[in-house]
Structures are given as structure tokens and as C-alpha cells.
Amino acid sequence: MTKKSFSIIGGDLRSIKLANLLIEDDNKVKIFGFENAGFDLGIAESDSLFDAINQTDIVIGPIPFSNDNENLNAPFSKNPIPIYDVFSNIKDNQLLIAGVISKKIAQISKEYNVCSIDLLNREEMAILNAIPTAEGAIKIAIEETPTTLHNSNVLVLGFGRIGKTLARMLKGIGANVYVEARKYSDLAWIQSSGYIPVPLDDLANYLPRMNIIFNTIPHVILNYDLLYRIDRDCLIIDLASKPGGVDFEKARELGLNTIWALSLPGKIAPVTAAKFIKDTIYNIIEELGG
Amino acid sequence: MTKKSFSIIGGDLRSIKLANLLIEDDNKVKIFGFENAGFDLGIAESDSLFDAINQTDIVIGPIPFSNDNENLNAPFSKNPIPIYDVFSNIKDNQLLIAGVISKKIAQISKEYNVCSIDLLNREEMAILNAIPTAEGAIKIAIEETPTTLHNSNVLVLGFGRIGKTLARMLKGIGANVYVEARKYSDLAWIQSSGYIPVPLDDLANYLPRMNIIFNTIPHVILNYDLLYRIDRDCLIIDLASKPGGVDFEKARELGLNTIWALSLPGKIAPVTAAKFIKDTIYNIIEELGG
Amino acid sequence: MTKKSFSIIGGDLRSIKLANLLIEDDNKVKIFGFENAGFDLGIAESDSLFDAINQTDIVIGPIPFSNDNENLNAPFSKNPIPIYDVFSNIKDNQLLIAGVISKKIAQISKEYNVCSIDLLNREEMAILNAIPTAEGAIKIAIEETPTTLHNSNVLVLGFGRIGKTLARMLKGIGANVYVEARKYSDLAWIQSSGYIPVPLDDLANYLPRMNIIFNTIPHVILNYDLLYRIDRDCLIIDLASKPGGVDFEKARELGLNTIWALSLPGKIAPVTAAKFIKDTIYNIIEELGG
Amino acid sequence: MTKKSFSIIGGDLRSIKLANLLIEDDNKVKIFGFENAGFDLGIAESDSLFDAINQTDIVIGPIPFSNDNENLNAPFSKNPIPIYDVFSNIKDNQLLIAGVISKKIAQISKEYNVCSIDLLNREEMAILNAIPTAEGAIKIAIEETPTTLHNSNVLVLGFGRIGKTLARMLKGIGANVYVEARKYSDLAWIQSSGYIPVPLDDLANYLPRMNIIFNTIPHVILNYDLLYRIDRDCLIIDLASKPGGVDFEKARELGLNTIWALSLPGKIAPVTAAKFIKDTIYNIIEELGG
């Protein structure tokens, strides 16, 4: 890959780490929106949004791009950065890469004739992000239970990216790993991988003897009827994005300890997350012809 | 094993959990020294130390037995429980089992003609306790670094009980595991187990590229000359009992992030630790003829 | 699942084991085509093809169903069993399950109005069959090299069912596992799983230091240019079905040791393979409404 | 380590590989006793035993040194090489390193004032040799059973070097691993390592459901009473040196399939075994002051 020039506009710690990583690889990087970071960025900020964006190959926005569809997600910025200001500074020959680009933002991007790519649509990024998510879940499990993970009965609901990654690590620590899935093919992979397969139809029978349940399915799977069967000492860690996989109100009524842990990669491992973003950006550039 | 009767005197959460586990196995249990526990013990306390100890087979003391060689280690007790009171109530035909019985206490035990056994001298107990210690170390590592353990370079100093257990779990999570040892036979085991062997003589050369260092050796191995070679972003977690394995003052001078984590089993997994104590007590009874 | 009645017609050792497993589960089983098996079948054969097929719920044919599209694949049968005889005995309300049903056979099945299901189209069956395939490959690798797998550089070409299963086992034995893939998402999974990812574009650079190469890709990937880079002492084991992944002629010219290992499940683990067939048949029945 | 000069006298394929490895490391090597090897040795033989031994630092003999206490173990030698000829050529300042030096040979060594070191007394060598032994055992298990190792119940008798190494690999392939031991501390390690601990006292209860039993204990543990409880389809692989751990006659009477597999490292992985010998020789030199 030939070296590129990047504008990094807004975002959290990951964006700053990303800037540093890109510089380490001998790319040119300009940044904007980190005045209040409160620590040494290792790189000087551009004087204005215009300066930061002007004449670079690629503009990198935050993850998520915006929390309100009006201003950029820029927690370290002194002043709000209106989305329209960003788009109006990007030229035709520049590429915008960011995470969670909402429909409305995508629409605006189109209006401004800006080619934008959503990082979270990149399969490899989602796969790699499951690693810090799984480690965060393990940290919570160790912290919040009076037992070891080793030799505990742990159940993972769902065998997607997070489910696969988490199950592997839990087994690596020495837990007795059960994994729930619906499809015969997933159940075959679960068996082949050395976990105990739990068909969805059979879930109720397995619940009573579980010590920790990790949910990765983003719709309510643990309803009252299933929650009712879970041991009072069991910890439930929900890793699924909204609406989550647990009927939280019923869980509270039943006295079950439930933790909803979201956005773990940025919290648990911002440096590693930045590395994954960098790798994915390089892949995008490679696909576009280097 | 025939059922026994136990007196559980003082101690922390582990002692209470132990009482419950022994009852679940249909043993008779009397307890004393938990008035201020502040939660349901699941069992009634004896009215007096005399009552609690009278006529049982085995008296179980806390871990450690005493912090000052005067009173029993009994954090949940309303009043101090003098060691002499404990010993004067134990009869010849009773057995005392506790943890960390100091030389002075052992001497007193002898004077009172009480047969006492130190749990921490039991090899199987020490081996099992390495499990919660390793999990606690992993929790700290996930918590305190901005990177994932997965794909990090982690170095374990020492290949004893904690070193072996921790290395296995770290590999299970996906770290690149280096293990330092001195003996050729340990280095052979390290290689055979799939870790990267680091001979003590070569340690200095490996240090610069480590992301996390776990020490398990209970004497200062990381002196100034070695600390000097460690990267500023590296986290050092010292799991060794006093004096620890790090020259903490020099580490601070060099700006190295060092965490000295002690007594993890009781903090991280009191219920599992209680289970290990129970198993070890059963082994002792078995060895003494059931 | 309610108990069913089965006809097992032709096939190798797996078919006989399957019959025994179905009987163990209290199903009714009739068999035909094993007169020359030469060992105790544990079950009496039907007198005729008609008797064997008459009045059962499900007819199970061999894997593959036929080698010549004329007669059933029935290596233990005294006389050839023409395919037409089989179909003419199957009634509308019976189901035919077999493996590798060719287009021509599928056509005949249609003509006879017989509902037939190909086991090898079942994803779960293919996933599970990768287990004995991987073990067979490992056996060959241990046998045919003067080195241990432990600490060897082994390369798996392809990250499909066999690639995933084989890589996991090789790592479990202690090999340094490299996996080649083309897609970024597969490369992310390879990294996440703890193997060394080898992008197809980079393959040539990795080849010289490999000790064993396992191919799982069913088209010629190792052409002359790549074979040329492989060490003379490297063993190549090709697990891919025709045409295989190696230019065998060029490999021979270059003096490379190449083994093409096909149909391993039936050879390496007929009993386990029969178990997988049984499980898959039960899944089919379940899907059809029990 | 400063470079040394070596004489390699007699031995099998491992000795030739060792010669090549030592040359690769820029040592000087002379060899004798391989006239009938029948393949290119990659190094010229010395004209006489005298020439081969003369003026080198270290003389390396075969493993075992001798089969009859008269001649050197030299399967590739045209003529017998009497032990006395070897010793009479070794000078005071030379070191003799070989494997399995019998008491009688040790006595002769003393008479000739030759300092000799037995490789098999080196702990690191025994630990590393357990790797090819375990792989050989796995190869036999895959070959000789009609089931996969994956998901099989396998029992390892003994938790020494071979037991530990084999259990790890079996788990890595996906077997359900049971390990028998006598000591509480070993049972604790077995549990901690993620295997199912089987106390010797309980062995009889576990035997009936085992699919494969690997013995590593060098005295008869599987006597009639225990053999009697083993399933007819179970395979027993005995890896222990004489007298082995199985009452072979009783096993045959009971129709049990028993394989006694000895000296696996030299058979399964002579090149790797040679590498381990080299590493051990370097350790010896290091210990003696380089």
C-alpha cells in the first residue's frame, strides 16, 4: 500500500490512538476536535476543521459518527462540530470512513456527494471487535461472582461472532462451556469445537444448573418462563445491543443479578480497538486499489 | 468417609461458606464469631466459644489463624477471640485445622497438647488456590491495560503452581505466553506446554517487547537493571508474597505501572476457595483413617 | 421423536454400525445386502430386497448411493443390487435417505415418485465429518514425517469445515499453525482463533519454512510456481476431493512428497461416522415433523 | 557456547541427524560406524575408530550405548565395534555422552578413566522425549480404533512426564480426558489442568465406560480384577517400559485389544529426537562451563 494522508476528526481515545498508529506507519495525519483531551496527543491539532480536512486522501470520523444526527461525536472537542460543517469541507476525491453511519447521515453524505464507508459494516472489524468484548465479559464474570470461572457451568446464548470468541476463551480458562444455538449446523460446530451443545428447544432444561449466562442475541430470549428456571446465584451478563436479550424487569422481580455490558471494545481495550480500525481501513484502501 | 462434627471458629466469608458446604454434605457444624457478618449465615451461631467447640471431632480456624499471635483472625466477630481461649477449649481427641499457623501459634498448640494441621502446608490446597489467583491476575490485566490480552506478549516469571496455572489460562485467552525459569527441566516443560521458554540468563533480552509481566517468584528478581529494560507501557503484576519480586521503589522511579496483588483467592472467589478448603479437609480426614 | 422403522440397504461398515445404533435406540430395522460381510452383523438379514423395504418408514441407502449409476454401492452384497429394483420397491409414503445422490439418480428418484434426501447436502453432517477427516490427516502427518507435529510449522490451505477443524486439533497438539485464506473476514477469524493468518497473496513467502502443508481447497492452488518454493523435506497432504489442490505431476517432478487422502471418515472412524449419520437422520425426521 | 568438536560413534538415524545438526551450528564433527546406512549421510566418515575419536572434545555414543555390553549399538556399521575399542581410544580430556549406560559399561568407563554422562538421566531430555511418545500413542489410537479420539472417553494411567504430555494433546484433539493418579497433589493438578481426576482407589468404577486406556506406569496396574471391568471394545495402549502396566496374558484371555508401544521417539520422530539430544548436549556443556 502506498502511504496516504488522513484527517481524523472527533472521536474518543481510539481516534487518538489511531492517529498515532497511522503516523507510526509513515502516513500523514491531521487531527481536529481533541482540545480537551487533557493529555499529550503526540501530534499537533490543525487550527480549523477546514485545515484538518483540506487536501487529505481519507477523512476518518468517530465511532459512532454522531449521537444526535446533528453534531459529530467528539467528546474531547471544545466546541460542537456540526455534521454539515464536516460534509461541506469534504471534496469529491476524498473518502469518508466512520462507524455507525445512520440512515440520515448516509442521506446527507449522498447530498454532499461524499463517498462514505461504515466501519461497522466490515465483517473483519466485527469479528476482531468480538475479542475485546469477550475479554470485557470475562473480567465482569471474574469480578462479579464469588466463584472461579474454572470449573463453573457457563452458558453462552448465541454462536455468532461474540459467542464463538467468548466460548473459546472461557474454555481456555477452564470453564464447562455450554452454547445455545438454534440451527443444526451451529450445534454441530459447537460439538466439534468441544463445547456442550444446547438446542434452543432444550434450553429450559439446562438453565437451572448454570452459574453464569452470557447472552449475545439481540432480542429478548430470556423471558419470564426461562428466567424463572435460573438459579438465584446465577449471574447473567447481557452483551447484546438494544433491546438486549433479557427481560430485565422480570429478572429484577425474580431477584436475578443481571449486568448489561455494552460498547466494551472502546472501554476495555481502546488501543487494540484502534489497531483493528487501522487494519480495517488498510483493507478498505487495498480493496479500492491501494 | 463417615460424617463428622465440625466447629468453625472465626474467619471471613470463606469460613461461612465452608460451614454451609459441610452441612450440605450432612456433617454436623457449629459456628462462632460471625455476629457482625450482616447477612444471613444460613446456620445458628453457638452461644459461646465453649459451646461451639465442645464435643466436635474437628475444630476449623481461619486463614490466616491470627494476624497478631494474640487474637483469632475473626473479622465478623463482635468481640476479640483470644487464641488462648480457643486452645483451652480444645480437647485431646479433637483436631485443629487452620491456615498459616505461625511458629508461635504452633508452639502454643504444643503446650496445650492440641494436634494442629496447617492447610497451607497441604500441596493440593496450594495447587487449587492457584486457580483463583490466576483468574484474579487476569481480571487485573484486562482492567488495567488499554489492550487485549489476546495477541499481547505476556511474560510469567516463575513456573511453580501459580506460574503453571496462569500460563495455561493466558494461552487459553490467546496471549503470546513467555515463561521464565532457571532450571533446564522447567524450560523443557515450558516448551512442551507450548509457551516460549525464557532462560533466566536471557531475561534481559526478552523484557523490552513484553506488554504485561506477571511475577510469581517471592524474592526480588526485577531489580533496577532489569526494570530499566521494560517498556514504559508495560504493566507489572506481582503475585508473590512478601517481599514480592519487584524493586517497587525503582519501578516507581522509572515510571513503571506496578500492581502488587495479594491474597486473591479469598477476594476473587471465596465460595470456590471454601470448596477447596473442604476438599482438603476431607483429604486430611481420609489420610488419618476416615 | 417417536420410534421409526428403517430399511438399510447396501453400504459399507458404516451402514451396519448405523443399523446397530438405530436398534439400540429402540427403532425397528431391517437390512439387506450384507451376506459377504464376513463378521457377525448383530441382526438378521431380510430374505429379499422386497421384504427389507416393505412397510418401513425410511429407507437408508449407502454413501455414495452408487458408483456407476446402475447398481447400488453394496460392497458386502453377494449379488449386484440394481438401482431400479430399489426404487421400484419404495412406496410413496416412504422416505429415501442416502449420500451422494447423483443427478441421474435424483432423476430416477423423481420418475419413481420417491422423495430422496442427500445426507451430504446436510450442513451438520459435513461439519461433523470434518472431525474424522482431521484425525486421519493428523495420523498421516505423524506417520509420514521424521519430526513431531509439536513445534512444527504446519500450514492449512483453506478455512472451511475441514480447515477449521484441522487447525484446532493441530494447535491442540502443539504445532505452529498457519492458515491460508482469501477473504478478510476469514483472516480475521484465523487471527482471532490464535493461528497465524496467511493471505493468499502472501502465500509464496510463507511456503519455504513450512514442514507440513494440508490442503482442503478442491481446485489446484499449489501450482508449479508455488510448489517450487516448498522445502524438499516438507510433506504435502491433500484432503480435497477431485481434482485436489496440488499439481501432482509437478510436485513429483520437484521431488515433493505428496499424499492425497480421500474418504477418511469411513476409513478412520466408521463407528463415529455411523453415529453422525444417525444424528443427521434424526434431525431430518425432526424437521419433517417427527 | 564456544564451538566444539564432536565424535559420533554408532547409533541409528538419530545419530546421523545429530551429526548434521551439530555441523549446521558450525561445530566440527567426525563420524564412524555408518557404512551400511544406505543413504547419503551428508558428511564423510572417518577411516577408523581412532581417527574418528582422536582430538575431539566430546565423544557421542548411541542410545542405548550397547545391547549386549560387548559391542556398541551400531546398526549401520559394517563390522561390530567392541566397547573396549571405544574406551581405549578416548583420552582423559574427552567427555563421553551416550544414552542408557548400563552399570557394567559405567564400570568399564571408570576403569578407563573416562568421564561418561548418561543422556537418559537428564530430566529435560526425558521431558522432551515425552512429546514424540505422546504423538506416537495418538497415531496408534487413531489407527486402531473405529471411532474418533474427539469425544471419546480416554483414560491416562499415571501423571508423570508422558501422562502430562499425552493428556494435554488428547484434550487438544477433543477427547474427554480422564487421568488416574494416587497422590492428592497430582489429582489437584489434574483437576486444575481441566481433566477429570480419577483417584487410584476409584479406578475400577471408571474403567467400564472408557474407550481407550493409555498406561504410562511401569508396573502392573491393570491386573485381572481391573481388566475384567474394561469394555471389550476398549483399546489399551501400554507406553510403559518393562514390565509394562498390563497383565498381558490376562488381557488376552479376556479378549482385550492391547498394544505395547515402546521406544516411540526414535521410531516416530528421529529428527526431532536428534534435536532434543543436541539441546541436551549443549545444556551439559553449558553446565560444565561452556
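Read from first to last, the chains carry the letters A, B, C and D; within each, the first residue is number 1.
As a convention for this text, a contact is a pair of C-beta atoms (placed from the backbone, for glycine too) under 8 Å apart; a residue touches a chain by one contact, two chains touch by 3 or more.
No experiment lies behind these values; they were computed from the predicted model shown.
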> Which neighbours does subunit A have in common with subunit D?
Replying inline: B, C
> Centre-to-centre on C-alpha atoms, which chain is most distant from subunit B?
Replying inline: C
>> How many angstrom lie between the centres of subunit B and subunit C, each centre taken as the mean Cα position?
In response: 50
> Quick one: subunit C and subunit D, Cα centre-to-centre, how many Å?
Replying inline: 36
> What are the residue numbers in subunit A that touch two or more other chains?
Replying inline: 131, 150-151, 168, 174, 191-192
> Of all residues in subunit B, which touch subunit A in the complex?
Replying inline: 13, 17, 131-132, 135-136, 138-139, 142-143, 145-151, 168-169, 171-174, 268-272
> Which of the residues in subunit C come into contact with subunit B in the complex?
Replying inline: 150-151, 174, 191-192, 194
>> Going by the contact rule set out above, which residues of subunit A touch subunit C in the complex?
In response: 122-125, 127-128, 130-131, 165, 168, 184-185, 187-189, 191-193, 283
